[in-house]
Structure formats: structure tokens, C-alpha cells
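Several structures are given next for inspection.
Here come two complexes built around chain A, the first alongside chain B, the second alongside chain C.
Let's look at the complex of A and B:
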């Protein structure tokens, strides 16, 4: 088969992609099989020591479970809050719609670090604004546990990732013919039935694709878990970071990074396939 | 307004004696076919039709029977398990009709039901729509901008102009005896000769009569369309294509018609 000229045009982008994504990934994978010692450094040999350590020590299992538990919880909460938000946004008239869209997307313009630090300032320890207020009001005796907790991490991540869910659901809702809701009403459906049986099923592809985005971003998030969880409560990305930059055990860090990537890719691809198969007939 | 999605600024809407304005849209029990069909894209054809029955709380067995019966009526019996996306425009139209009819509405509302179909399909659907409507016998209100469609489908026409009813009557009467110039113009082509309206198909070429010259002649298959320049202005004439010789462009002719 003769190569179409159009394919040749993809060459520059393709080679760039290969250079900055495929090559480093391959090197990371190779690195995960190298040996490492505190005094000898990285030794380029092929051993399974690091893989055995990760799969053998329950610490790593717990850490991965925590990572995906947090990601799943964040996805669920983002859908629970984001979908109604998108629905309300879609029902708004201009100029309010534009204004609130800006309010929702505004946080994207601020660095994740700044947004997470905001949470830390509000809830962090005795000095946190909310804690101080609540303690001085006599409502609580000890500061609310937020820093270094999974709850804190979930709350901050939901806040950080919400815009992706809202945008995704909103895009799905915009394709919705407003007459369809009227049609359901004319057939005798009440407002709750319309939401549950007409609007929600049509927003579902948006909720699911938003969920895939939020899940992937939450599972691989670094800045938020690093600030809220610190060195005490680690997730996959912060652990890999620590192995690389603090312990200097690059090969072990590489194993964690590769595992995180592999797990994420598998989950996202499978979820995407399921979504596509479920909605292929109705929506394509 | 009849469906209840827009509030009327005044007056009353009465159905069998009760005022519909006091009834919520969901409780009016009207069968509506929307211009965009507004089918539920995430449901199969059968589920679309079933929705109204479920809202009425119809028992499952009866529901199935009525869905099958209505789908057969619109000729979609074999498509029950399809999704709207997988159907053609004409088929989607039938699903919308079935969905509206299955609840046995007091009134069937058709909002420009055929405007999204191509010309040939529209004609077919016109005939079919009329047959279905005759079969079920439901009083039907059809909103359309297409005067041919209005005349083909209805027993009674209300010609509206800027929110006012200009004439109410059977199509034939509205066409033959238009109450206003707007009605005359809207329902088919018309010539205004010395203040009187003369339909183009009523004018024939004769040996005597209004003298004129044929400006343009257009062949339209079943008939010829002429524009004849006369002392009374440009007059449109439509003659049936009988296969006989016809005046050519530039020919001098005389026009005759019976006084309306």
C-alpha cells in the first residue's frame, strides 16, 4: 500500500511525540529493572528486585489502593456536584450563564498549588482560619482534621478538578434539544421524572467521559496530595517523587511510575470501551 | 399555548367545555408532534412510544399491546427495537406520531410536522398522515406555513396573519372565496385584475378578451405557467398540459375568464 501524502504531514508531530513521550517512557521502563544501592547508585543491569519489592511489600499495595480509592471518591463527588451544576448552568440565560461559567472555570486560571494552599490556610492545624473561628466560637475543642487526611485530599481534589466535570457534562447537555423536555412534559411527566428519565440519561455520556478525565487526573495528581498529604500520607505520584528526589532510588520510583501509568491506562481504556459500547447505538 | 408551554396574554382555550389554561401542560393529555420530532434519543422506538403510557400508569400487558398496535398503524412494526438515530427522517416522524397517538389524546397537535422532510417524502407523508388521522379519528390541529399542506390535510383552515385569524372555513371555500387579499395571496397564486382576484388556472386563452403578450413561459410537467403582459399589468396564467400546441413567448394572446 502506498503511503498517502497526508500521512507524511503527521511525521513532524509524530516524531516530536516519540521523542518527548515514547523515548522517556521506554527509558523509565528500562530504569525500573536496574539495580540501586545507597552507596553504589544506579547499576544498569536487568533484575526484578524493584518489582519484587513493590509487589512483596504491603505498604505499596496500600498506597496504590489509597490512590485509586481517593480518585474514585473524587470522581463520584465531582459527578454528584458537577452534573447538577452543569444542568443549572445550561438552563441559565445570558449574561448570567457567561458570568457563572467564568466563576466555574476561573479556578483553572489559578495554579493548583495556590488553590490547594488556600484549603491549607482555611483548615490547616490550629492556625487555619476556619479552625480558629470554630474553636473561638466554642463549637469544636480541637482543630478539624484536614491536613494529612484522605478527607482533606478528596475535598481539595474535588475542588481542583470540578471544572473538567462541569465542562464535559455541559457539552453533553448543549446537544440536547430543549423540545425533548417539553415532549416528555406533554406526555404527562413531572419535573422529577423528566430529570431522571430524560435529562440524566442524555447527560450520562458527558458524566462518564468527565468521570474518566477526573479519575485520571485525580489518580495522577501531584501538587494537591503533596501539599495536603505531605510526607505522611502518600499517594502513588508523591511516593514516586520521593523515591526519585529524596531517597534517590530512581529504579524503585520508576516501578511505581510505570505501575501507576499502566493501571491508569487500563482503567481509562476499559471504562472508555464500556461507555462507547453502552451508548454506541443511541448516540452515534 | 394549546400545549401550555407559552402563556396566552388573554382569552381562553377551551377543550370540551373546560378551560385548558387552568390545566398544567403535563395534565392536558394532548398528543403533540414537534417540528424537530423531539424523540428521546436514548430510548428505543418502543420505549419512546411507551413513555406516555407509563406516565398514565397503563398496565404492562396493555402497554405492550397498544405500542404494537400503534407502531403497526404508522407502519413501523418492524422497527420497535431501533434507536431514533438509526431511522430516516420520515421514520422518525412516524415514531413521533405514534408516540403522540398511543396515549389516545383528545386532540392531536401537529407543529409543522412535515417541514423537515424533502419534497417527495413530504407528499407521501401527507397522504399517509391523512389516512392515519382518518383511521384514528382524533381531532387534529395542524400548524403549517405550507399552504398546499394545509389544503391537502384539513377539513377546516384558519388563515392567520400577524396573530389574527383572517378567515376560517373549509379549504375549498377559503381558496375559492378568500375573505381578504392576504388569504387570496397566501392560498395559491392569484391575479388582482381591477381589484378582483382571479386565480391563474381560471384564465384561458381565447379569441377575444383582455389583449396581452406572453413574456415568459415555463414548462412544469403537469402544466404550463405563463406571465402575460396586459394593459392591467402582469398576469399569471396556468394551463394544463394537454399535449396540444401552446402560445410561445412573445406571442399576442387574449385572456378570458368567468367573473368570480
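Let's look at the complex of A and C:
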């Protein structure tokens, strides 16, 4: 009789989740089919009005396209800059490695509001520090607009989500045997060949799984787009927030939330399956 | 292992500057003596930290965050322990599904959870209450608590239980005298990681916090939406200081690598 204690032990967590996670999510799905009007409020009937509105109005299509465009760009940049850094970290010696790991992963635990505030200060209009630095470095001639733009959102989100990418690639590199690199060098491979043929293939599962995490978090990020985008530039999560707390059209906001969740779960599950199939041996 | 070349170290330096710049800027601006945002400032003053005392909404939000984090993390650990012991010790039908369910708050966007909780709590009469906040925070911190509890439960040597049982100890005594003391480090670290995540959560909380139950990040977020001034940078500097202290303590006690990466021995 090994079955019963297991179910008894998981009962508290299971009943808690059923009540406080599954019921609210189900209620949100139901809410998306309810009627709403500025004077009559929420009317609990079953209609497709909100779904028609979201799919019929190109405004929502554009907003979802922007959300996923930003998420894709953030993922790409995080992989491009985070993977080399993880490799450099992995090659560091003992005290330094731990120290810089703390420096780079630590921000993950610092309030996202405080970190985004830092970017708002750095961007700060045309006289912002980032623009000054870029101009004096000769990279640009006129100030770039960062606040209230997609560029600013992407930069801030890359910063906010970078630790996840470094963490994921670093975890993959941990399993890399340094002797293989040495063997390749001893057999006459140049540094580029070692990176391309030995390190990159072994880091790839880490880059891909880090990419999935970063993409999912970027597509559903809220505080950073809200602060950098202001009230003008909306993404899915900030639009849903507006519908719930300003316009008070909850059913329409519920449609956006359900769509965001469905899109993300689909993308993450499919991507995970593809990664696992591609790297079946690496995970065994 | 070969060492990093000068190019790699230059890249590393730029990377570290990128990661730290916004955090440093916030702390720097917090010490400005001016009445407006001026950066870089070369003169220093504590006037904006002193000004905090005149904004009771930040102070009470801080206490709300602290109480909420402590309570919801403790409750999350409390329901994680039996679940972790079951998952670690038994092979039963639905084990994988349950683990996925308990970890699912990591995958559901916090904005969606916020919306779902807003709807749910309004319907059951918990809208804007502290009880509602605690329930919601248990959900989002449970994966962190469970992961670390599970890691230590899996590392347990069952022979110790069997030895105690064969020497005449009851199940309750084994739990109290053997099992719990052995997994205690995991529980404490799980609680701490859960606390930090609860303390920093804004996306979900902004939907369900009402007047009087706003947490510090929510208060900061709403303040920034209206205007950015040195006051909010000094609040942020305090939050950063608290987090860094907790982080260093956790790193000393448990090791940040282990905490964030987790050990790979999850029984498979």
C-alpha cells in the first residue's frame, strides 16, 4: 500500500491549486464570453461579441504583432549577447567566477520596477546618458528616441531578462568537458573551429531553452513595457491592464488574457518538444 | 582550461557595465541634493531619504510587502513539504502531472494570473483584501519553495528513517526528529527565495491590491506612472539595498549557483 500516503501528502497543495488556480482561470475563460456595456456592466450570458471584436479590429492584431515582435527581438539579442558572456564566465577562475555570477544573476532578484526606473533615467529624453554616450562614441549623430518607443522597450527587456539566458547557457556549459576542447586544440583545430564545432553545439540546448524562457517572459512582461511605453505604446499585457482597471471592460480584457495565455502555452510547448526531439541524446 | 583573452575580458567588462548601469544610476540619483532629477550629480545629500518619512504610503506599503512576503512564503513552504515528500518518495499515478501543475505558475504569465485572481476574489468577496493577496502570493511563490524543498527531500537517506522505525520510533517522531531537521536547510532557502520573489512581485499584485493593501513595488509602479522624481529613486535604492543584503546572505548560506540553477538530481 504505497499509493495512499502519496495522495494524502499532496492533498493540501492539490486542493489549494484546484481552488485558487484552476477555478479562477476557468472563471476568466467564462468571463471572456460575457456581455459588457458602460452602463449595464458585466452581463453573464454566452456571446462571442468580445472575441469578434478582438479578431475583427486590426488594432488588436497590430498590438499582438508588436508584442510578439518585441519578444522575438529580445530573445535574439539576449542569445546573441548572453551566450558569449556565459562562455566567458565559464572559463573564469574560482573566486572571480562566483563573484561575477552573483553580479550578473543578482539583478534577477532586484525589483523589476527599480531596474526599469534605472533605464527610464538613463534614456531620459534627448539629454539622456545613453544618447550622450552613443554620440560621444561616434555611433550616432542625433539623439535616438528611447522613451515611449519599441527600441527602448527592447533594450530594457533585454536587460531585465538577460540573467535567464546567461543562467541557462551557463548550466549547459557546465556539462561540457574541458578535455574535449583541449583534445580539439591538440588535434590542430584553431580557436574559431573549437568554438563552432565543439562549444556551440554543446551550448545550443542551453541557448534554446533559455530562449524559450526569455521569449515567454518578454511576451508577457508588464511593468517594463508599461513604464517605458507610457500610455501611448501598448503591448498585450498593458492593454489587458487598461481594460481591467481603466476602461473596466473586463470581458474584453479577459479575451486578451486568454489569447495571450493560449498563444504562449502553444509556443512554449511546441518549442520545448522541438528542442527535446532535436537534442534527445543530450538530455539522456 | 585556457584563459580568457583581452578581447573576451573587454566584452565581459562592457557586459557587466550594461547589467549594472541602471541599478547604479538609480542609487546615484537617490543621493541628489536637487529637487528634480539631475544626473550625473556630483554633490550628495540624504534629503530624499529623509523625505520618505513624510510619505506614509511608502512606509505602510513596505510593511505590507514584508508581512505578505513572510506569511505567503511560510504557507507555501508548509504545503510544499508534504507534497515534496510524496513526490520524492513515491511513484504514483499522476506524479508527473502534479509536479507540472505545482510548477505551472512559472509558466502562466503573471498578468493572466492577476486578471484571474481579480475576477475570482471580486466574486468571492476577497477583492483588495490582504487575505486575497496572501492566497495569490502563495500560488506564485510555491514553485520556488517546492523546488528547493524537493531538492533536499530527494537527497534524504531513507535508511535513517528505517533505522529510527526499527528502533521503535513512531512515524510522527521520525518526521519531527529525523526528516524535518534533515530537510531544514532546503526549507529555509526555499522560504528565502520565495520571500524575495513575493517581495518583488508587481505584475500580478497590481491587479489585486486595493487601497490600503498596496505592496511597495505596486506603490512604486503607480507612482512612476504619474511622475518620476528623486523620491521614487530613494525608495528604489532602499529596495535594492534590502535585496542585495538578502542575496549576499543567501549566497553565503546556500550558494547562489545552487539556488538559481538548482541541483540536477531531481530523481530522473
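We adopt the following convention: the second predicted complex is superposed on the first by the 257 of 284 C-alpha atoms of A that agree within 3 Å, B and C clash if a C-alpha of one lies under 4 Å from a C-alpha of the other, contacts with A are read in each partner's own complex, and residues count from 1 in each chain.
Heads up, the rule we're going with is that a residue touches a chain if its C-beta (ideal position, glycine included) is under 8 Å from a C-beta of that chain, and two chains touch if they have at least 3 such contacts.
Predicted, not measured: the structure shown is a model, and the values here were computed from it.
J.: Please determine, from the superposition on chain A, whether chain B and chain C clash or fit.
T.: Aligned on chain A, chain C fits beside chain B.
J.: In the superposed arrangement, does A:186 touch chain B (first), chain C (second), both or neither?
T.: first
J.: If you stack the two complexes on chain A, which partner ends up touching A:31: first (chain B), second (chain C), both, or neither?
T.: So A:31 only meets chain C here.
J.: Looking at A:46, would you say it contacts chain B, chain C, both, or neither? Reply first, second, both or neither.
T.: neither
J.: Give one of first, second, both or neither to describe whether A:105 is in contact with chain B, with chain C, with both, or with none.
T.: A:105 sits against chain C, while chain B stays out of touch.
J.: When both complexes are superposed, which of chain B and chain C contacts more residues belonging to chain A?
T.: C
J.: For A:177, select first, second, both or neither according to whether it touches chain B, chain C, the two together, or no partner.
T.: In the superposition, A:177 touches chain B alone.
J.: Measure off the angle at the C-alpha centre of chain A toward the C-alpha centres of chain B and chain C in the combined model, and quote it in steps of 10°.
T.: Angle at the centre of chain A: 80 degrees.
J.: Please work out how little space separates the C-alpha atoms of chain B and chain C at their nearest point after superposition, in whole Å.
T.: 9
J.: Where on chain A do the contacts with chain B and the contacts with chain C coincide?
T.: 182, 185
J.: Which residues, counting only chain B, touch chain A once they are in their complex?
T.: Contacts found on chain B: 3-5, 25-30, 32, 34-36, 38-43, 51-52, 55-56, 83, 85-86, 99, 103.
J.: Which residues of chain C touch chain A in their complex?
T.: 1-4, 8-9, 11-12, 15-16, 18-26, 29, 37, 39-40, 79-80, 82-83, 85-87, 89-93, 95, 98, 101-102, 104-105, 107-113, 115-120, 123, 135-136, 138-139, 142, 146, 196-197, 199-200, 202-203, 206-207, 217, 220-221, 224-225, 228, 232-233, 236, 239-240, 243-244, 246-247, 251, 256-257, 260-261
J.: Mind listing the chain A positions that touch chain B in their complex?
T.: Residues of chain A touching chain B: 177, 179-180, 182-190, 193, 197-198, 201-202, 204, 279, 281-284.
J.: Quick check on the complex: what are the chain A residues that touch chain C?
T.: Per the touch definition, chain A meets chain C at residues 2-3, 5-14, 16-17, 20-21, 23-25, 27-28, 31, 81, 84-85, 88-89, 91-93, 98, 100-122, 124, 129, 156, 159, 162, 167, 170-171, 174, 178, 181-182, 185, 216, 219-223, 226-227, 237, 240-241, 244-245, 250, 253-254, 257-258, 260-261, 264-265, 268.
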